[in-house]
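Here chain A shows up in two complexes: once beside chain B, once beside chain C.
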Partner chain A sequence: MSSRTIVEDKKLAGTVKRFLYSQKVAPYVLVSPFIISFLIFFLVPTIQTINMSFHKVISLNSMEFIGIKNYTRLWNVHFFNAIRTNTIYTLICVCTMIPIPIILSVILNDKLIRGRNFYRSVFFIPSLTSVIVAGVSFRLIFGSLPNALFNWLLSFVGVEPVSWNMEYWPAMFIMVCLALWRVTGVYMIYFLSGLQSIPEELYESADIDGADSVKKFFHITLPLLKPTTLYVLTLVIFEGYRMFGESYVYWEENTPGDLGLTITRYIYMEAFRKNDMGFGSAIGITLLCIVMIINVIQLKSFGLFRKED
Partner chain B sequence: MGKKWIAMLLVVFLLAGILAGCGGGTTSGKGSKEPTKLSFWLFNEVHKQFYEPGIEDWNKQYPDKPIDVTFEIYPNQEMGSKLLIALQSGTGAPDISDININYFSNFLQGDIQLAPLNSVVDPIRDKFIESRFDCYSKDGKVYGLPTHVGATVVYYNKELCDAAGIDIDSLDTWEKFEQAGRDYLAKTGKKWIGIETGNQRPFWPMIVQRGGDYLDKDGNVVLDSEINIEVLSQINRWYNEEGFAVGLPGGSTATEEAFSFINSGEIAALIMPMWYMSRFINYMPDIKGKVYIRPMPRSGPNDALSAGIGGTGTSVTLQSKDVDLAVEVLAHLKLTPEANIRFWTDAAFDPPRWDVWDKPELQKPDEYFGNEKVFNMLLQLKDNIPSPNYGDLSSSAQDIVMNTVMYQTLVEKQDPATVLKNAADELRSKQ
Partner chain C sequence: MKHSNIYHTARKVLIYTMLTIVAVIVLIPFYYLILASFTDTTRLFTDGLTLVPRWDRMGFFNYARTVTDREGAYWAWYKNSIQIAVLFTAGGLFLTSMVGYSLATYRFRGRTFIFILVLIVMMIPIEILMLPLYNLTVKWRIINTKAGVILPFMVAGNAIFFFRQFSTSLPVDLMDAGRIDGATEYGIYFRIMVPLMKPAFGAMTILLAMMSWNMFVWPLIVLRENWNFTIPIGLASLLTPYGNNYALLIPGAVLAVVPVVIVFLFNQKSFISGLASGGVKG
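And then the complex of A and B:
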């Protein structure tokens, strides 16, 4: 190897080094994996979906432009049923999946509780199971025969056996139950980490002022948990509107009376079972808009868009 | 410094290796006796039981054209969507695939990506219940081969019927069948028949038996026809007014709860296709020997003796590397007399090729079903088993009957005529 090439090699290595170590370039290099995967796996499909929603899709290579006809077809009772189910489901989730984890995390954050690490993992374990696996057990627990577990328990308080997956509110109940059982632990962990960032001094000075634990909870804990609560709220709303698995495990092939029909499930049925990709795309884009609008309203009302002082 | 470059080079090779793996071009040794690899998708483990011996058989008969078949089994609905996407995107489809009849119409739209099978079907067409090819055909071309007839029959729990003094052989009209239901309810206080409140049986076979259907021969919506309204009102009367019918738990005959419900003798009669025999044998062991199979009752001499409901069409995709061979193999697996005998002996399906129905294997009395020769009864029905019409709207029509029509009529107690009218209008708006 001649001395000249060695010098050149060193120069080249120097350039690469300078490039990678430069303060201007490094951030871009570091975020590039995310940006690239976002572009390839999210932005491109989204644009394609918007395009497909204005077409009758015969196969992926042949499409026929039909304007907004797919969107006008959305004006039907099944889509409204799906929106209603999703909205009620999300509301119930918001009312349960925030207070319950907060209460649990406050209890499990108390140093007086014995074996709290054990309980923390106990509450967290359900979230490690998949919806499908958990759903199979839940389907059996909520069977409609009198000797199914939940009906059997109800018989002790004198309640007649319920057809859980054939009536509206029982159907809603079993879907929320499954979701609640699975996600409580995760949200509890979020709140626990939020709790640990609250300075101990605040509680001490409240003690000196003579505040009891209820007062401390409402005047210190809750307000300081606001960022975590907002984050969880966003997640719950998003998860609520895109819910699919909880419905799928109870009604695998079809959902009588649209009981388990959610927007995502409607996409699945129209696009894949009935081979109507164009209509499925239109539903998907509408879902995206609904979730965006709700999130923007919510973030705005909590003042997240205001400039920091 | 040198080490770093080597490391980088290694990374490049690694990446290149991964990407090359995506290409996956395999060159098979043609001409040699290397077996041709064929992939085969299924949505039911049971079907493997009769395909595997068929493949062994092929390799023995045609040593010059050996094959090596790999099966992949997916859940029903998932497989339907997976195959649809593979065919639409032009890559990833298997050579041969089972397709549920409920989704088959999806595959017959636009540019059809399945191979026409007329070359193997036409020579033996007259040996088959012909309506079973019509389900998988479009414009005179057959794209799928049937697995069973799915002739609808009535399954009676004879022990329960005898105890209530009901002679199942006398129930040849719907009138007598209903009277038996009333008597049974009055005597035992239990329900006579189980029906699906979240699915489409016995509604579908009962309308097809009388000449009704969801779609007509040209695929137009006829869901709100007089016959359909009459039949739906009849079932509604059983369920909501006279009360001798009960909704099966879970709303369908396919749920675990329904199996245990029937198994524990809660109902005495069930109207289902012949393929439901395998469910009895596999999931309801306690009523073994007590279940007897009889033809459907009729409302008059113009009614058919049965109706062929449900099905699996098996197709060759155009993505197959050797379409001709795949078609030949498929014909061997589904059209030969031996294959049809296997449908019965290995999976308890009523084979669509009727000239095997009197073969000794099929004439063996069945222990589960009262030691009777089930196929003697089926032979009497042979020429009178119509199948429903299938068209572009088939999947949508079935969905709307399962999700809306049955639920609104039976559970929400709405007027059958109005429910069917609304459902038909909704379907027509999709045309």
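And then the complex of A and C:
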């Protein structure tokens, strides 16, 4: 190498360095991890899923175009069962995972309650568990035998032992219980921080007007908690439709009558157990559409896009 | 006056009773699990498990099985879980904080567009990407490895979002001051801004560590061999239709969660702000 090229190399290196360090380029360098991750692990896979859903996937490198056949196969009882289970599950979740955390947070936001930090911590602890760990305990509690904890408790009110994992509604019940137990603490924290932003004066002036606590709750607290409630609602619906673990811990294989079969479990079963990637992709795209439609309806009707500007 | 006193007392009693009932319901699954872990599991289903401990049938024998059963695979799962949590958290913190900071403090073309992409990533269920991501890990030969578990989700959308929100409150004037002093853009970030973002790093350490510790669906697909499992996957592998290995399953579940609860009790503030910022799911 002649000395000239070394000088030129140094110059070039200097230019590159100046370029990378300039105030214009630096922000792009800093966001590059997301861009790279987005392209490799998100955009390309999404396109591949769409592509595979129109193919019969034989192996990694050989696919056969079959049009919308994978989608027409979705018209079957298992898929309908999965959608039904997800929808019912999500509805029950919405009806429980919003009111219960709201009530708890309103109580624990009251400065006159002694030990509120203690209760907060206790309610929060279940969210530290993984769905599997929690599931092991819930399997014991909801055992089918008469002397399993929940059946034993029910015997005091004269209810016959229930086979929790063998019938539709009991199965739904134990899945919702598991999910509710794990998320209540987190959603309670969301509502607590929502409550903190409600100005104290509103309650003071309501006191002067002689409003009781029920009135204050419905006329001040609930309306002003609306943004938090909508956020939690979005999360609950989102988690409801992608639910997997809450079912997997109770039934690790297929069940008669598709107990606990959710859309995500259906993908898992078809793609990884039966090795039908094309059909699995079609189910995935359908799930994506459901979630996107719900998201768009929510964002549109509550104007969250406008808020971001 | 007297009437309102009675009313207030009744209300207080009602509230405390309710809080206590909820607290008991919340704690029972833990209590039951810990109780079962000291009980002879072969008799668990014939005799049932009462809430009152029966001391004559209890002992540490189940815990001894975490060492002996399956040639001690449980502790290999434990080690894997710790290693994955450390790598996932360290890598995730480093990368997502940069992205969030950049999105909040610089004005550059495409900034809003990239932020919208972050939101989209947060809104799309990862479950639909499982199949192509699985194919990708096969192609890259990282199937059944820690890298396969970590890489696809390390740059987590919710962590970027959190860092971005936090960084909007950073004093931007310091950036100009740093430039005048001759610091580079990266020097400004690492020397001036990162120390100011300490609380955000604290919260996100918890979020990412918990995310990876409890991660379930994705490792279930990537990890194929017993010795490579993480704790949740290992425990799930004990749930088989042909009879569950409760003698290992129950103490295994206890050992997976008790250390986390202990750490939580000493760092409640950062746990709550961390987990509440991202919504942890496993």
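The rule is simple: the second predicted complex is superposed on the first by the 264 of 309 C-alpha atoms of A that agree within 3 Å, B and C clash if a C-alpha of one lies under 4 Å from a C-alpha of the other, contacts with A are read in each partner's own complex, and residues count from 1 in each chain.
By our rule, a residue touches a chain if its C-beta (ideal position, glycine included) is under 8 Å from a C-beta of that chain, and two chains touch if they have at least 3 such contacts.
Since this is a predicted model, take the numbers as computed values, not measurements.
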{"item": "Chain A residues touched - chain C or chain B, whichever exceeds", "value": "C"}
{"item": "Which of chain B and chain C A:Met269 touches, first, second, both or neither", "value": "first"}
{"item": "Which superposed partner A:Ile58 touches (first chain B, second chain C, both, neither)", "value": "first"}
{"item": "Which of chain B and chain C A:Ser281 touches, first, second, both or neither", "value": "second"}
{"item": "First (chain B), second (chain C), both or neither touched by A:Ser301", "value": "neither"}
{"item": "Which superposed partner A:Val133 touches (first chain B, second chain C, both, neither)", "value": "second"}
{"item": "Partner chain in contact with A:Phe42 - chain B first, chain C second, else both or neither", "value": "second"}
{"item": "First, second, both or neither for A:Phe124, with chain B first and chain C second", "value": "second"}
{"item": "Residues on chain A lying within both footprints (that of chain B and that of chain C)", "value": "60, 140, 143, 145, 148, 252-253, 268, 272"}
{"item": "Parts of chain A lying in touch with chain C, wherever the complex brings them together", "value": "21-24, 26-31, 33-35, 37-38, 40-42, 44-46, 48-49, 52, 60, 104, 107-108, 113, 119-134, 136-138, 140-141, 143, 145-149, 152, 181, 184-186, 189-190, 193, 235, 238-239, 241-242, 244-245, 248-249, 252-253, 264, 267-268, 271-272, 277, 280-281, 284-285, 287-288, 291-292, 295"}
{"item": "Parts of chain B lying in touch with chain A, wherever the complex brings them together", "value": "1, 76-77, 80-81, 84-85, 87-90, 103, 106, 109-111, 113, 197-199, 247, 249-252, 254, 256-257, 260-261, 395-396, 399, 402-404, 406-408, 411-412, 426, 429"}
{"item": "Chain B-touching residues of chain A, taken from the complex the two chains share", "value": "9-10, 13, 58-62, 73, 76, 140, 143-145, 148, 163, 165-167, 251-258, 261, 268-269, 272-275"}
{"item": "Touching residues (chain side chain C, partner chain A) in the complex", "value": "15, 18-19, 22-23, 26-30, 32-33, 36, 44-45, 47-51, 95-96, 98-99, 101-103, 106, 108, 111, 114, 117-118, 121, 123-125, 127-136, 138-139, 151-155, 160, 179, 184-186, 189, 210, 213-214, 216-217, 221, 231-232, 235-236, 239-241, 249-250, 253, 256-257, 260-261, 264-265, 268, 271-272, 275-276, 279-282"}
